[in-house]
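Labels run A, B and C following the written order; every chain starts at residue 1.
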Amino acid sequence: MAATKGEKLLEVSGLSMDFGGLRAIDNIGFELFAGEIVALIGPNGAGKTTVFNCITGIYEPTMGDVTIHPPGGTCRRINGMKPNSITSLGMARTFQNIRLFPAMTVLENVMIGRHCRTGSTIIDAILSSRRSRREEKETVDKSYRLLQKVGLADVADEFSRNLSYGAQRRLEIARALATDPFLLLLDEPAAGMNPQETHELDELIVRIRAEEQVAILLIEHDMKLVMNISDRIYVMEYGKEIAQGTPREIKENPKVIEAYLGEEVHA
Amino acid sequence: MDFEYLFELLCSGVVKGSIYALIALGYTMVYGIIQLINFAHGEVYMIGAFVAFIVTGVLTLSGHSGLTVLLLAALAAVIYAAAYGYTLEKIAYRPLRNAPRLSPLISAIGASIFLMNFVQLVQTPDFLPFPELISDFDFMEPISRYLSSVDLIILIVTTVTMIALTVLIKYTRTGKAMRATQQDMIMARLSGINVDRVISATFIIGSVLAAIAGVLIASRTGQINSAIGFTAGLKAFTAAVLGGIGNIPGAVLGGLVLGIAETLGAGYISSAYEDVFAFGLLVLILTLRPSGLLGKAVKQKV
Amino acid sequence: MAHFKRSLGIGLWFMFLTLPLMVVRVNTISREVEWRWYNLAWAGLCAFVIAWFWQFSIERRTARRAQVAANPHPAVEKLSLVQRLADDPVLSRRLLAVAAVVAIIFPWLVSTGQNFYHVNVMVSALIFVVLGLGLNITVGLAGLLDLGYIAFFAVGAYTYALLSKNFDLGFWTCLPLGGLMSMLFGVILGFPILRLRGDYLAIVTLGFASITKIVLENWDTLFGGAAGIANIPRPEFFGMALDSRQKSVYTYYIVLALVAVTIFVTNRLKNSRAGRAWMALREDEIASVAMGVDMARTKLSAYALGAFWAGLVGVVFAAHNNFINPDSFTFMDSAMILAMVVLGGMGSILGVIIAALALKLLPEYLRAFAEYRMLVFGAVMVLMMIFRPQGLINNMRRKYEYDTAQGGKDNGGN
C-alpha cells in the first residue's frame, strides 16, 4: 500500500469540538501528504490531543470534516466512524498518557495491533484450523520484527507494565505500526524521556517513515525534536490554529514566539 | 377510569419513591466522588433497620412505647449505620483507591454478602415483626385511604432530610469540600482538602440517610429481615441511575419516578411482577440514556 | 507497640460496632430479650487479632509495591510454590496426568454398592467447575463483570426440563439446544447492554437475573412456578436401563467430559486472536478500539460463549437433579461462581478449578463450615481484592515461539 510521495492522505477542515460549554478546538484545518512528518504544536491545553481524538474516532467532532485518502483506496469522510473502523482504514495512534495492556506481555501488546489485519474466528481457534495457525505465525513474526525495530526484542516476554517509561512509549509505536497504517499519529512520544532516549527516538521516527512507508503526524513539546524532523508544522493555541509553515518559518513567526513566551522555540 | 384508585397508587408511589430517594442519595454521593457503586449500601440500610428493631424491642419489652421509642431507635440506627458505613469504606474500599476499576466493585459485592450473612447468623434469617409505634393521627382520618399517618411522617421526614442535605452540601465547609472533590479529586487535594476525610464524610452522610430510610420503611411495612437490603439497594441504585448518577436532585427525581412506576405497574398489571418493572426500567434507561434523566453525558478524557 | 495500640483500638471499635447485633437478640414470639455478652468478647478478640495481621499485611503490600516500582525487572521473581508448580511445564503436565487418572477412576474409588453419595457430590462440584470456567471467559478473560450468570444456567436447565416434558426430547438432543438457547439469550441481552461501562453492566446483569427468577417463579403454567418442574429424565444410555448408582456414575463421566472440553476450549482461546482481544478489552477499552478491536462484537462473543457453557451445564444439572425450581438460581449462586473466578485468579484455568472444587466441596464435607460459607466467601472476595488481586494462581503468561534471527536489525534495549 505504499503511497507515492506527495499524494494527499488526510484532509481536515472546519474541525470543531465542544465539551459542554467549552470549545476545545475551533475551526481547525490542515492536510497531510504522503511521506511527510508533520508536527502539531502548541501550549498545554491548546487542543492538540483533542484533534487526535476527533481524527481517530474517539470523539465525534461537533463540526467539520475529516477526509482520508488511503493510498490505492477511495477517499472517505470518516467523522463519526468507530475508532476500530478508522484503524482498519489505515490510521493508527499512540496515546499521550500511555495506554498499554499492562497485564499482557510486550509481544502480545503488539500482536493486538494485528487484530484488524487478521480474521480467524473463535471456531478457527478451537479447531486450530490451518488459517488460524498460519495467521498466528504471521502475527508473531511480524510483531517480533516490529519489536526489533523499536529495540524491544529482548523484553518481548516481559509484562508491559514492567517496562521503563521510554520503552513503553516505543512499545506504543510498535503496537500502532502493527496495524499496517499509512498514517501514524504520535501524541507526545518523547514525554518523560531523557535526552539520550529522545535522541534515539528522533532517529527511530525518521527510520520508521522510511522503512514502513508511513506519513507521521506528531504532537510534541520537545522543540528540538520537532524542529529536527518535521517537514511542516501547525501551531495551535486555545483551540485555534495560529500558524503553519516549515520549521524555519515557525521559529521566526512572532505569533508563535508570543504563544511560547519566546523561550522554547529557540531551544 | 377509576381516578380514586389511580390517586391512591400515586400517593403510595410517592411515599415509596421518597424512601428510594433517601437510599439513592447515598449511592449517588459516593459514586460522584469515587466512581464506585457502593454495593454494600443496601446492607447499611438493613443494619440501620435492624439496630432500630433491636432498640425498640428492648425498650418495648421493658414497658416503654410511643414516639420516643421510635426516636431513640432512629438515633441508634443512625449512629450505627454511620459507624458501619465509615468502617466499610476504611476496610473494603480505601486500600483499593488506585486499583483497577472492577476491584473495588468486587470488594463491595463481597462486603455486601458478608454483612448480609453476618446479620443473618448473629440474628435470624426469618422475618421479624417491627412494632407499630406511630399511632394514627385523628386529622388523617378523612384521607387515610390515600395516606396513612406513617406515610405522612415518611414524607415529612424525607423532605426535611433532603433540605438538610442540600443546606449541608451548599453551605458548610464539608459540603464545599465534597463538591470540590467531586469536580476534581487531584485539584482538591492540591488545594489542601483532606480528600480521605471528605470520602469518609460522604460515606457517613450516605449511611445516615440510609438508616433513616431503614427505620421509615420498617415502620411502614411492619417487618424486616436480613435480605431487605439487597432488593432495596438494587432499587435505590436504579433510582440513582435513573436520575443520573452523581447528581443529587437526580437521585430524588429518580426515586420518585421509580416509586410511581413500580406502584402503577403493580396496581394495574400484576403485583407479582413489581420488581420486574423496576429492573426493566433500569435496563431501559441504561441502554437508552445511560447518563440518566438529569445527568450530563461526560466524555472520558483520553 | 504502635501496632498493638492500634489493634487494641480497632478491637474496641468492633466491640462497639457489633454490640447491638451480636449481643442482643429480641425474641418477638416469647417476648424475651436474649443477652449474649460472650459474643462481645469474641468480637473484640477476633478484631484485635485480625487488625494485627491486617496492618502487618498492608505494610508488606506497600513495601512490595515500592520494591517493584524501584526495580521493575526483578532478576528472579519470587513466586509461591503453587505458582512455580503451575509454571513448570513438565511438572504440571505430570500433575495433570495424575489428576486426570484420579478423576477417571474416582467413582470406583469412592462408591461401594449402593453408596454413591460421594459421586453425586462430585457431580455437583464439577457442574460448578464448568460454571466457574464459563464465567472465567466472561469475567476473567474479557473483564465483563456478569452478576447474573446463574440466569444462563437456569435457561439451560429449564430448556431441558421443558423440552423433555413437552416434546419428549432426549438428553443428548437437549444438551446442545440448552447451550444454544442460553447463547441466544446472551446475544439478545448482550446486544443492548454491552456498550455499558463495566460497573453498570454488573448491575444490569444482576437485574436481568432477578427478572429471570421472578418470571420463573410467577409463570406457573409454563415454568411450574415456585414449585418448579419435577420428574426430569436422567441422561439415557443407548436405551439401556441403568440403576440409580449407574446413572450417577454415568452423569459423573458426562460432566467430567464437559470439564475436559471446557478446559480444552478455554486453553485454545486464551492464546488466540479472539482471546487476546478479550484480554485487551479487559485491560483498556479505548486502547483496544484504537488498535482496531471491534468492541461490540468482541464483547458479545465472550458474553455469549460464557452463556453457552452455563446453558450446557444447566441441562446436565436438570438431568442430574431430576427436579428444578427457581431456588437454585439465586443471586447468591451467581456470587459464588464469581467468588470462584476471583479466588482462582481471573483468567487462570487451574486456579478456577481448584477454587470451584474447594468452594463446593468444603461446605459439603465440613458441615460446620456450611453455615458460615457465604460469610467466608464475602470476606474472601474483599481480602483477595486487597491482598492478592491476581488470585491464588496467576494467569500464566504465554511465551510465543519466534525466530530471533529474522528480519530487521536489533538495536537492543536502551
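The criterion applied here is as follows: a contact is a pair of C-beta atoms (placed from the backbone, for glycine too) under 8 Å apart; a residue touches a chain by one contact, two chains touch by 3 or more.
If you're wondering where the values come from, they're calculated on a predicted model, not measured in any experiment.
Asks: Are the chains arranged, by touching, as a line, ring, star, complete graph, or other?
Replies: Its topology is that of a complete graph.
Asks: With respect to inter-chain C-beta contacts, which pair, A-B or B-C, contains the greater number?
Replies: B-C
Asks: Would you mind pulling out the distance in Å between where the CA atoms of subunit A average out and where those of subunit C do?
Replies: 40
Asks: Distance-wise, how many Å sit between the C-alpha centres of subunit A and subunit B, to the nearest whole number?
Replies: Measuring from centre to centre gives 47 Å for this pair.
Asks: State, to the nearest whole Å, the distance from the C-alpha centre of subunit B to the C-alpha centre of subunit C.
Replies: Centre-to-centre distance between subunit B and subunit C: 30 Å.
Asks: Can you pull out the residues of subunit B that are in contact with at least two other chains?
Replies: In subunit B, 302 touch at least two other chains.
Asks: Indicate the residues of subunit C shared as contacts by at least two other chains.
Replies: Only 286 qualify.
Asks: Residues of subunit A touching 2+ other chains?
Replies: 58, 95, 99
Asks: Any idea which subunit A residues touch subunit B in the complex?
Replies: 19-20, 49, 53, 58-59, 95, 97, 99
Asks: Enumerate the contact residues on subunit C facing subunit A in the complex.
Replies: Residues in contact with subunit A: 72-73, 265, 268-269, 272-277, 279-280, 283-284, 286-295, 301, 305, 395, 397-404, 406-414.
Asks: Considering the complex alone, what residue numbers of subunit B touch subunit C?
Replies: It is residues 35-37, 47, 50-51, 53-55, 57-58, 61, 76, 80, 83-84, 87, 91-92, 95-96, 99-107, 109-119, 121-124, 128-129, 230, 234, 237-238, 241, 270, 272-273, 275-276, 279-280, 282-283, 286-287, 290, 300, 302 of subunit B that touch subunit C.
Asks: Which residues, counting only subunit A, touch subunit C once they are in their complex?
Replies: 56, 58, 82-84, 87-88, 92-93, 95, 99-105, 107-108, 111-113, 115-118, 120-122, 124-126, 128, 132, 135-136, 139-141, 144-145, 148-149, 151-159, 161-164, 166-167, 175-176, 178-179, 196-197, 200
Asks: Given the complex with subunit A, which residues does subunit B contribute to the contact?
Replies: Result: residues 296, 299, 302 of subunit B touch subunit A.
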